[in-house]
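Input: structures, listed below.
First chain A sits with chain B, and in the next complex the same chain sits with chain C.
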Partner chain A sequence: MKCVIGGGHLRVFGRAIHAIARISDEFWFDPVEKGLALRSVNSSRSACAYIFFSSMFFQHYCWTAGSKSCQREKQLPLPCKLIIKSVLPVFRCVNMLERNVEKCNIYTNINDRHITFQLICKHGIVKTHNLTFQECDPLQAVFAKHMCPNVLKLQSRLLTDIMIHFPMSQEEVTLAVTPMKVCFKSYTEEDTDFSKAMHTEIQLNPDEFDYFQVGVDSEVTFCLKELRGLLAFSEATSTPVSIHFDRSGKPIAFSIEDMVLEASFILATLSDIENETASEQPPRFSQGQDSKSEKTSVDRDSNSEAIASRKPQWNGNSQNTELVAPRSPLAKQEIKIIPKISNKDTTGTEGTTITETDDYTMLEARPTHFDYHKSKLLHTGIGFCTWCITCVVSYLYKYCIFQFHSLFFGAVSFKEKDAINHILHSLATASDTEEDSVNMQRSQVL
Partner chain B sequence: MRFRAKIVDLACLNHFSRVVNTVARLAKTCTLRLTADKLYFILSDKVANGGVSVWCELCQGNFFDEFQMEGVAAEHNEIYLELVPENLSRALKTAQNAKTVKIKLTNKHCPCLTVAVELPSLSSSSRIVTHDIPVGVIPRRLWNDFREPGVPDFDVSIYLPVLKTMKSVVERMKNLSNCIVIEANLSGEMNLKIETDLVSVTTHFKDLGNPPWASDDECQSSAQGRDLESMAEARIDIKKLLQLLAGQQVNPTKALCNIVSRRIVHFILLHEDVSLQYFIPALA
Partner chain C sequence: MPLSTQPPASGERYVLTASLDNARHLSSLLRAVHFQDHATCFATANGIKVTVEDAKCLQANAFIQAEIFQEFAVQEESVMFRINLAVLLDCLTIFGSSSLPGTSTALRMCYRGYGYPLMLFLEEGGVVTVCKINTQEPEELLDFDFCSTNVVNKIILQSEGLREAFAELDMTSEVLQITMSPNKPYFRLSTFGNAGSAHLDYPRDSDLMEAFHCNQTQTNRYKISLLKPSTKALALSCKVSIRTDTRGFLSLQYMIRNEDGQICFVEYYCCPDEDVTEADL
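So, the complex of A and B:
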């Protein structure tokens, strides 16, 4: 996979990375034929981010064909998992990016198991970052936006202006809608001292929205911190934000859509125990312990559907997202994430009880693919580790010492090919000198 | 007990926000005293505060378009509230282009100061942002704790240098030492000194001027008989000084300090309609 991001779009891409960073420490880099998808799921499975850049976003986008090495290997580029901490420094200062960087090349080298981010900056400076990744299939949320009775669409500027009234430390926010008004208010957990917490409430008129549809009066509470990344991202793209949601307990989706990109942040909402008992939801999606059997059948259906296709499930899946109502109203709900191992259904449906180990098994999707990965990993187990170390070293080397080297070895390359050769050469040279010194010492002793 | 006030003018709102910001930097919790024509932000000198005390006085007429207050009782027409000024500061921060700001005392789940901001919006009706700031009502028997501190019997009174300069000097010094010595004399000279095992740094300010104080027999006797060159000094916590200096966003009309040698330093900052007094006790 190889793609080139032009100067103007770098800011958008940088903000996308920052937005995803708010969700989790790692994310999936998922190139598909039509473009590049970035996905992230947080550790408690209560937030899921998906940002898709179509091939038109890039100056140049090559999925498989075109690159000699890809053709030779005859491999499909696989989605890979990266640590946010490694990628974030590349796009750290978004404003500086805009000013100094002319373009950014991103390409994967499956054999070497690393992704290269290369920033071509002004004044002939080339910064190359080689990062290792883990191959694995990403998780995708199953959520049917078109089934949501409540839809709001507003300018990103307006949404930012609303959220600015909440302090940065505010964790959760409630959105309450009726056909007559919209209200965003701060949410404090019941066990917090009310006499200390400041409460903020913003009332808006439906006129302020580009599109306003309220099918059912509802009050949904979601995590504001996770949303802030999307707010910054949407401001960078200046596209209106659509909010799809239902009653409390069902997830809320914030999405933006453009000619060249599309993003969706799906957040779980707190369920309200009082509302549950009075709810009129069809039994298929009812929350609570009694409908376990129904739920498992639903899960299996969706699993098989989901496993069949790797493509994003936004429109294809006709099912609404399943959520489990925990006993305590304070617990965050898990968004249904596929793929799930089917034999874990009995415990898995109680969303909140899934443990760490289960999370990892959930990551390996299709059995066949999983086996392939596993064997390959074992095979190259040791090799992988050492390569990992070398890559980390080379990452540090390049990131920290690149300028230093260029002074000594004289070459600051404009072209990517030369840069890579140059870097490999410099690594080789370094190890040579070490050996030499050791030999010399030995000879002296003797 | 009732309290309702409204600010309509943006400049007044701006000014009020700045005062609240300054107080927020000086104290985590403070007392708001409301009378018919004045507001006071008070921090009394308890050990918990490190011995510092704050007294900030505002004339309500200069800020509020409407101001209605009904105290605890007819003969004690005042309200004392305990609040976190940071909350009030945050509520006013995003109200900078508001149409109106209303502040009133309410009783929701607990006594609250409700700040209702009416913001302009694209639609016909305005956007309303409401902040409920929890407050504690201070009972009358404790009102004596919050009396105005008297001007101490100082040795030297001197105008402060430009606060911005003073702030940048003290900020650099903060990295080197925890306490700073302020000394000044009646010839308009002031020194800020820090001394550690490794280094000692002194910044000298000259030609600052000494404010004339209304002659009071006690003051005169200590001030008049004083040698013009001799310095009165006090060693204070540098962080407390920095809190005062960092909180100043606008240069005050008058800024002076009174030093009682080795006892206390008393800062007075005057804007047109706001007076702020800050006491820092000297360290042993």
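So, the complex of A and C:
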């Protein structure tokens, strides 16, 4: 793979990297015949980004490994997983890039597993960054935008002007639509102290939109962090933003499209607890580019390597999830008590509890912060009794399933899929011994 | 002028007296070498040299010539003392380090000799502060024996070309590798961090390159943690001279022009990273 980005487009590319950095620490660099795709999914699988640059975006674009003399296997482009932290310094100051950099060459070297970003700067200075990458198939979101009953399209400038009114500390916003009006408002959790909270609400007339289609009245709540990244990116391209969404609990997609690029950020939304039990859906998995990767031995090896390297993580998860005790009536009693405890008092325990809950909820698509608060207070609220804790864990598990059922994207490979099935299976058959181990582990932590 | 009425008169003899109408000229230079709290000051009739060392591998010298001062007198052949640089800087900026246009802190500095404190009289807007900083026993300084006849390669760059490079250095890399060569890549800075390697190449005909005198290809590694403090001097400077000698020792000389257009120098010496060179052999 080799591509050359001209100075003018470099700002757009840099902004894309920064926008993707909002999603996760890692991203996939996925060159295909028609262009270059950047993909990212966050660790809790509640946000996913896809940015595609068509070959026309580049001064020069060649997706195969280069010369005709290459062996067959080398001609296949490899999606490479890069750590965003290592790529960000290359595009650190986006506005400076435009001024100082004349062009940027990006090419992969399969032999030594490096991707090279070479910036040709003013004064003849050449900056070369050789970054190591991991070969693996990217995750893809399974989300049919065209099935969404609600579609809004507006200028990115307008959306930026709306979002600017929400303070940076605002983590989630609610978008409420009816055929008559659109409303963006700050989302606050029920147990928030309202005397301290600021509520912001912005109402818009359908005329404000370039395109307005509301099939269902709905209220969806999503994280702002990722959207802010997309907005900074769309500002660089000055393209309108389309919003596709359904009822609460179903994902929302923000997308932009241009002659030379397209981007979509898909975010999980919160759902109401009451009307969710019926509509629970099984997770869906997408098989990235599996058929392609099986064509070559090189690829397959690297895939299995990648899977192997990820496997312990999944095992770790399954161990943790196995610890979840069977759901007992006691758990329900606990739940009722919990919301009364103010989560303001519990911040001190953050360190220990967050890591645990992250494991439990990782399998579900969910907005990150939301869970943390709930689980934090669960753990501290009943710290005196280990038995209660197990109940709470099981509650937490149920809670996640019901509340965040929007599993709109899943694992990459068959092996992982199996791992998940295994987890779910073991959840159902948690034994007494496992319960005991929970108790022990918990009491250590608490 | 309140400073002239201050008591350092009345028969007391000072081995060092200096006065400066803008203390910032001194404090900004001292800040360029402030990576360790203790500094050794060495004053002669030519001016003051402030030396800071680290890990027996790095030495920074700030040269403040006598011409910078409005008044400068040294009674003995040389005067030497050690002082806490952090305290000295705090005192020099006691009226605030940010300068509003039109305001400046005037300074008079006196030292009576071995065992006595360094006295600072600072005046701004009619307010006078007197600071006495205890001096310490001077320690023996490193002699890098960096002799210009042993210099193999020398490059003079406009500082702006190096500023960005130093700001972007991959700090996960333990070393900064400097390659200087009469042939390609001429002048290269490389780091080897967790994420991979990065190279920065300057061609010899770049308009940032003021002078390029490379006689043989030399590649040396220096601890990045030792070189990082020199960024402070780099930020102030307009030009930098990069030299290496036959042993691979590095000299970085920063030319710093102050607000009045006077020129001062800050110099860093650094030893190459030995372990790596042995492994290479």
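The working rule: the second predicted complex is superposed on the first by the 262 of 446 C-alpha atoms of A that agree within 3 Å, B and C clash if a C-alpha of one lies under 4 Å from a C-alpha of the other, contacts with A are read in each partner's own complex, and residues count from 1 in each chain.
Going forward, contacts are C-beta pairs under 8 Å (C-beta built on N, C-alpha and C of every residue); 3 or more make two chains touch, one makes a residue touch a chain.
Just so we're clear, the structure is a prediction, and the values are computed from it rather than from any experiment.
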Joint occupancy of chain A by chain B and chain C, clash or fit: clash
Field: Contacts of A:Thr200 with chain B and chain C, given as first, second, both or neither
entry: first
Query: Once the shared chain is lined up, is A:Ile164 touching chain B (first), chain C (second), both, or neither of them?
result: first
Task: Give one of first, second, both or neither to describe whether A:Glu208 is in contact with chain B, with chain C, with both, or with none.
output: first
Task: Classify the contacts of A:His60 with the two partner chains as first (chain B alone), second (chain C alone), both, or neither.
output: neither
Message: By the touch definition at the top of the document, which applies to A:Arg99: first (chain B), second (chain C), both, or neither?
response: neither
Message: Superposing on chain A puts chain B and chain C in one frame; which of 110-118, 200-208, 254-262 or 272-280 is the clashing stretch?
response: 200-208
- prompt: For chain A, which residues are in contact with chain C within the complex?
  reply: 83, 85-86, 89, 92, 96, 100, 114, 123-132
- line: Per the touch rule, the chain A residues reaching chain B in their complex are 164-165, 167, 194-205, 207-208
- prompt: Taking the complex as given, what residues does chain B use to touch chain A?
  reply: 84, 87, 90-91, 94, 108-110, 112, 121-125, 127-134, 136
Of chain C, residues touching chain A in the complex: 161, 164, 168, 170, 193-203, 205-208
